[in-house]
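Chain lettering (A, B, C, D and E) follows the sequence in which the chains are written, and residue indices restart at 1 in each chain.
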Amino acid sequence: MPAVLGLLFLVLPLVGLLVRTPWTSVPRLLAAPDSLNALRLSLVTATLATVLSLVLGVPLAWLLARVRFPGRRLVRALVTIPLVLPPVVGGVALLLVFGRRGLVGSWWGLSLPFTTAGVVVAEAFVAMPFLVVAVEGALLAADLRYEEAAVTLGASRWTVFRRITLPMVGPGVVAGAVLCWARALGEFGATITFAGNFPGRTQTMPLAVYLALESDPDAAILLSLVLLLVSVAVLVGLRGRWIGEGGMA
Amino acid sequence: MPAVLGLLFLVLPLVGLLVRTPWTSVPRLLAAPDSLNALRLSLVTATLATVLSLVLGVPLAWLLARVRFPGRRLVRALVTIPLVLPPVVGGVALLLVFGRRGLVGSWWGLSLPFTTAGVVVAEAFVAMPFLVVAVEGALLAADLRYEEAAVTLGASRWTVFRRITLPMVGPGVVAGAVLCWARALGEFGATITFAGNFPGRTQTMPLAVYLALESDPDAAILLSLVLLLVSVAVLVGLRGRWIGEGGMA
Amino acid sequence: MSLRARVVVERPRFRLDAALEVADGEVVALLGPNGAGKTTALRALAGLTQNRGSVVLDGEVLDRVPPERRRVGVVFQDYLLFPHLSVVDNVAFGPRCRGTGRAAARREAMEWLERTGLAEYADVKPRSLSGGQAQRVALARALAVHPRLLLLDEPLAALDAGTRLEIRARLRQHLAGFEAATVLVTHDALDAMVLADRIVVLERGAIVQEGTPAEITRRPRTDYVARLVGLNLYRGRAADGVVELAAGGRLSVDAPVTGEVFVAFPPSAVALYAQRPEGSPRNVWRGTVMGVERQGDRVRVELSGAPPVVADVTPAAVAELELLAGQPVWAAVKATETHAYPAQV
Amino acid sequence: MSLRARVVVERPRFRLDAALEVADGEVVALLGPNGAGKTTALRALAGLTQNRGSVVLDGEVLDRVPPERRRVGVVFQDYLLFPHLSVVDNVAFGPRCRGTGRAAARREAMEWLERTGLAEYADVKPRSLSGGQAQRVALARALAVHPRLLLLDEPLAALDAGTRLEIRARLRQHLAGFEAATVLVTHDALDAMVLADRIVVLERGAIVQEGTPAEITRRPRTDYVARLVGLNLYRGRAADGVVELAAGGRLSVDAPVTGEVFVAFPPSAVALYAQRPEGSPRNVWRGTVMGVERQGDRVRVELSGAPPVVADVTPAAVAELELLAGQPVWAAVKATETHAYPAQV
Amino acid sequence: GCGGSDKPANEPVASGSADSLTGTVTVLAASSLTEVFDQLGKQFEAAHHGVKVTFSYGGSSTLAQQIVNGAPADVFAAASPATMKTVTSAGMASESPTVFVRNQLVIAVGPGNPKHIAGLADLIKPGVKVALCAAAVPCGAAAKTALSAAGVNLKPVTLEQDVKSALSKVELGEVDAALVYRTDAKSASGKVEGVEFPESAKAINDYPIAALKDAPNPDGAKAFVAFILSAPARDAMVQVGFQAP
């Protein structure tokens, strides 16, 4: 059965990691303040990036799915660009725009690179398209007639969107947000390029893992597992519930 | 309007790149056989990885969305693991399973690491969860009663799935496949770790970009743009059509 | 005059072009066979489908007004209750959109639900309603917005006989005290007769007849209308009190008409005999029984012949005449029972 | 005996428990008010809802047989046509699932569409069908699988008067030559009378009456059924040819009954007078006009009084008596026109 | 012949003379060696007809991981002794590694040196943003050594994961200076300028090379290592900024 094969394919490597993990060094690693800082920073920035993506990305998905305008196909493809762009190049691109000498950054005053805000921006840039594409797919599959019914009841576009469209594509938005959050949590290339790597300020878990790989591969694996564990715990805790509520039969 | 802001946020960095691109060196770069090889390899492996993900991932999504079994929430969270795992660690995990001394690789005989097949495996490992989560979201939002109607007409589970469920969640599957393909196309860390960086065999575009960044950053940006251009062209060409057909009002 | 509209919609294999006028507080029933364009017409009035004609409501041209600002209440043929909102929130949705506070809107919604007898279902989700319950909620939801124009697409079709009478009576009451114009789509002649001040009959996208229920009932102009009101209807040429029917045969009538005319009479005016009857009825012809249907306390008999005709008789008569499909019988209609009127209006 | 079933379904505010038996080729109409559990019963028979009872079809116990292998055809109340398949592919879906080749299945589907008069819509998507068209396609789709048990949930509700007659006749023909058992849910008494061999009435999840259409029509046992078949129905205690009604008043009857009885008579048996009539009718009482409704060629008058009653009179009588709401009148019913029968079966 | 005993018999390898080398030599090399190794590879191919050299570049530690997990490689050229140690302690090297070049730190600054930086002490002037490598990577370790030798307590804005990203921060103007290898500064000449400083002598990084035990082409591996250690190759590397060991 392909579903089980698929599951094995995704889970076996995790088993491989677990088998190899040097469990004895767990206490030492977890006691290191940098690891905990990085974990906390990762969770905070990934969540903020997801919120930012929701705020900007859901309307964008709605625009792509519901409003006919010239060049929609092109815009739809442009949105997927950060998916394809190697993240490091994405980081460079962000520097070119928001950097000290960038298009926007130069008259903006405010400096994003090397700040925690920069981490959020880099993660959102890379992760938002996941949300947009997933939500757009859900919107396209939704039954338009409910929106029509709402309109005849006097609902403005915004009310229709908020009270009808959004709840009805709930599972799609949750799926998109999960993808977005997870991608942001794992983001490495764009973050290090745009925001740099400074413990406590811009060093997220993936950056800590990468550096640990250089010096102490076992520690790197352990750090990854910690990241995994926390994110799986968050997902098990939140997502099952959201989906249960947002889903419709 | 947040949709426009979101669009700007995703597209502006691209503009930044375009402004900086040293267009004069385009011909020289494109003439280099390695670049073209890498592009071809990227497209082939990303497509194969997407096909593999569809074959394994769509049934898995169906399992998660439609079959009640104990531990479903955990499995649902486990599936998202490769999203969170730093790709390099993912590559290490794959080596631990499929490598010469890995769990499976050691009695398997066949060696995946450092082959083109290995690239496909690494990309599929990283990209499949995107497909699974997107398709599962679409399945959860679909109206179950059509499936019931199909069942009363004598359709087996498989027929229902193939002829009713799948077409009705068409836009979701397309969205998932696009995400999967794009993510596979941009995959770097797991690929270089699991499959190495051999030109013509395992050196995909992101790896070539990485190398170019070492020696010639402008060339790296140019290569990224080529990758972008090709993928946007593919998406504009295919996706608009699929969505138009698969979508329902 | 409250609503003046011309709805023109082009579809691949279909063209709708109909002019509708509905006065303040008037109820117009839109009748017509399946696929005639009734739903399409309502959608055009509501602004949900592009209308190439024009809609004027209370003197205001609505063609550029988006649907959400038309203040038009719609009950959809398939209800379209919001699956994620509870029944009371479905009904409260409209008032909320018109700016009523949450609590007030829910209170108002509860009142509507009580009026439709669904108060106990206030907190369930629509998917656990039965078909008829859903339809009543849809009705309450549309009424709750106090629309200027109320569009009802078969609002009673899924209701059971009892509830139907009740809701029909309530609806009539409500519509009577209603300052708005109402357009009601229905397949049910009775609903139309009871609820509507005027009936408009649509066939293949065009209006074929309109008038008060009494006019329509007395003078149907198409087969569809005749069947709807339960009359036998024929077209023919009249001369000297005799009409040569297009469907074959001739009928003596009791009206001073000439030229193209319609002739109509109710099935109950048709008497059936085993033998050719001698007596007063001037219209007597031979037919063959095509079908017999019991309908409550009467039996409806379909005859082929020149012309074909439908007769209502008592069960006793059926037994006596041994009416079975294939049986030859004689039909008789008194000229005084027929109603003849010009085909040109 | 083809179908023997007991359907038991528990819902938060509802419990269905009904035993159904349907012979080979028999058509049973399931009638009942909204929310009575009709749809739920069909779903349980089809295997779509968990049944705590048992379903036996042709001697085979179906309780563990999944729905796709039950060979049960269902027409759903809201059709549920597959939105992504063309009309012909919707109809061909069943045959395809039963193993027919693509071309053969489409041919078969086309035949069904021709029979339902929708051949020209074969290639369109369901969303561009009108409500009635969609319902006919749903019917064709269910029939195309040659089911052993056919379950129809209000299969004619959205059809216009003409098509309804036609489809009803066709359906009757088809069901007549049908070896399968059929359960038909409807709100329309006429549909039930015409199509069904037997009627089962469901109220609040339980069966309250069953019998042939004639029995049900003659001897309704609940208000719902009486209203459905258009009779005045009362319950009371009979002694010496007089029934003391629970609803107030008394009625002389022409039957040798005693104890708890029902008394029923049609609205047409009620005569109305402005003054107290002298004459043969033994039942004469005062009432007040509550409502007047024109119904085709008759007028239905609702009276309050002891007992309340519904009368059918001619338009002429209405004019003569000046029947308006609030008007006091006298009602008269001949004892020979009443029908009294024991309340215990 | 040297070390040809465990070679599969069916492999088409001429035995005896080094001049009759054939097949492919696969070299895993630190990515900082990309340009110069590409060039040396061509020279090696020219010297040995019928031999093809394939390079797989990557971060030294990634490459070490791959070797431990059975990558089909003949030679490993690492950017630090530490990463080479991963391979040798796994018993994957067929010989003890040899240091073939060394690399020295410089201060990379923007064109024209706008902040007038002349030595490590200038890096702590107010308003000067500096990027360093993280201590876990070789250039970071070297920078740390040099800074403490100079007694400069520097607060960088970022600790980059490798030299290149530190360098690109200077190129893009995001920082005013970075401590990078001389080779890197040289390859980016035009976009950055390299400022030499005396403390760099205390923090020199060694590049070791070794043939691998499971090499599919052991003869080729030996020959390539020998070639890299030869004088012409060394000259070519000095040309691009490396130091001879």
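Here is the rule we use: a contact is a pair of C-beta atoms (placed from the backbone, for glycine too) under 8 Å apart; a residue touches a chain by one contact, two chains touch by 3 or more.
In this text, all values refer to a predicted model and were calculated from it rather than measured experimentally.
> How short can a path of touching chains from chain B to chain E be, counted in steps?
Graph distance in the chain contact network comes out at 1.
> Would you mind naming the chains that touch chain B and likewise touch chain C?
Chains touching both chain B and chain C: A, D.
> Which other chains touch chain A while also touching chain C?
Looking at chain C and chain A together, no chain touches each of them.
> Could you tell me which two chains share the largest number of C-beta contact pairs?
A-B
> Quick one: compare the interface residues of chain A with those of chain B and tell me same or different, with half as the dividing line.
same
> Taking each chain's centre as the mean of its CA atoms, which one is farthest from the centre of chain D?
E
> Among the chains here, which has the CA centroid at the largest distance from chain C's centroid?
Centroid comparison gives E as the farthest chain from chain C.
> Where the CA atoms of chain B average out and where those of chain D average out, how many Å apart are those spots?
It comes to 56 Å between the two C-alpha centres.
> Quick one: report the Å distance separating chain C from chain E, using the average Cα coordinate of each chain.
Centre-to-centre distance between chain C and chain E: 88 Å.
> Counting only Cα atoms for the centres, state how far chain A is from chain E in Å.
35
> For chain A and chain B, what's the span in angstrom between their mean Cα positions?
15
> Would you give the residues of chain A that are in contact with at least 2 other chains, written as numbers and ranges?
Residue numbers touching two or more other chains: 88, 92, 96, 168, 170, 210, 213, 217, 248-249.
> If a residue has to touch 2 or more other chains to count, which residues of chain D qualify?
Chain D, residues with two or more chain partners: not present.
> For chain E, which residues are shared contacts with two or more other chains?
Those would be 62, 65, 168.
> By the touch definition up top, name every chain pair that qualifies.
A-B, A-C, A-E, B-D, B-E, C-D
> In the complex, go through chain D and note every residue touching chain B.
By the definition above, chain D touches chain B via 46, 48, 66-74, 76, 80, 82-85, 93-94, 97-98, 127, 141-142, 145.
> Residues of chain B touching chain D in their complex?
For this pair, the touching residues of chain B are 145-146, 148-157, 159-160, 163-164, 167-168, 170, 248-249.
> Show me the residue ranges of chain E that touch chain B in the complex, using the header's touch definition.
So the residues of chain E in touch with chain B come to 26, 28, 31-32, 34-35, 54-58, 62, 65-66, 69-72, 164, 168, 171, 187.
> For chain C, which residues count as touching chain D in their complex?
Within the complex, chain C touches chain D at residues 11-13, 32-36, 38-39, 77-78, 120, 124, 128-133, 136, 153-154, 157-165, 169, 187-190, 193-194, 213-214, 217, 223-224, 227-230, 266, 268, 291, 293-297.
> What residues on chain B touch chain E, complex-wise?
88, 92, 95, 99-102, 111, 113-114, 192-193, 196-199, 203, 210-211, 213-215, 217
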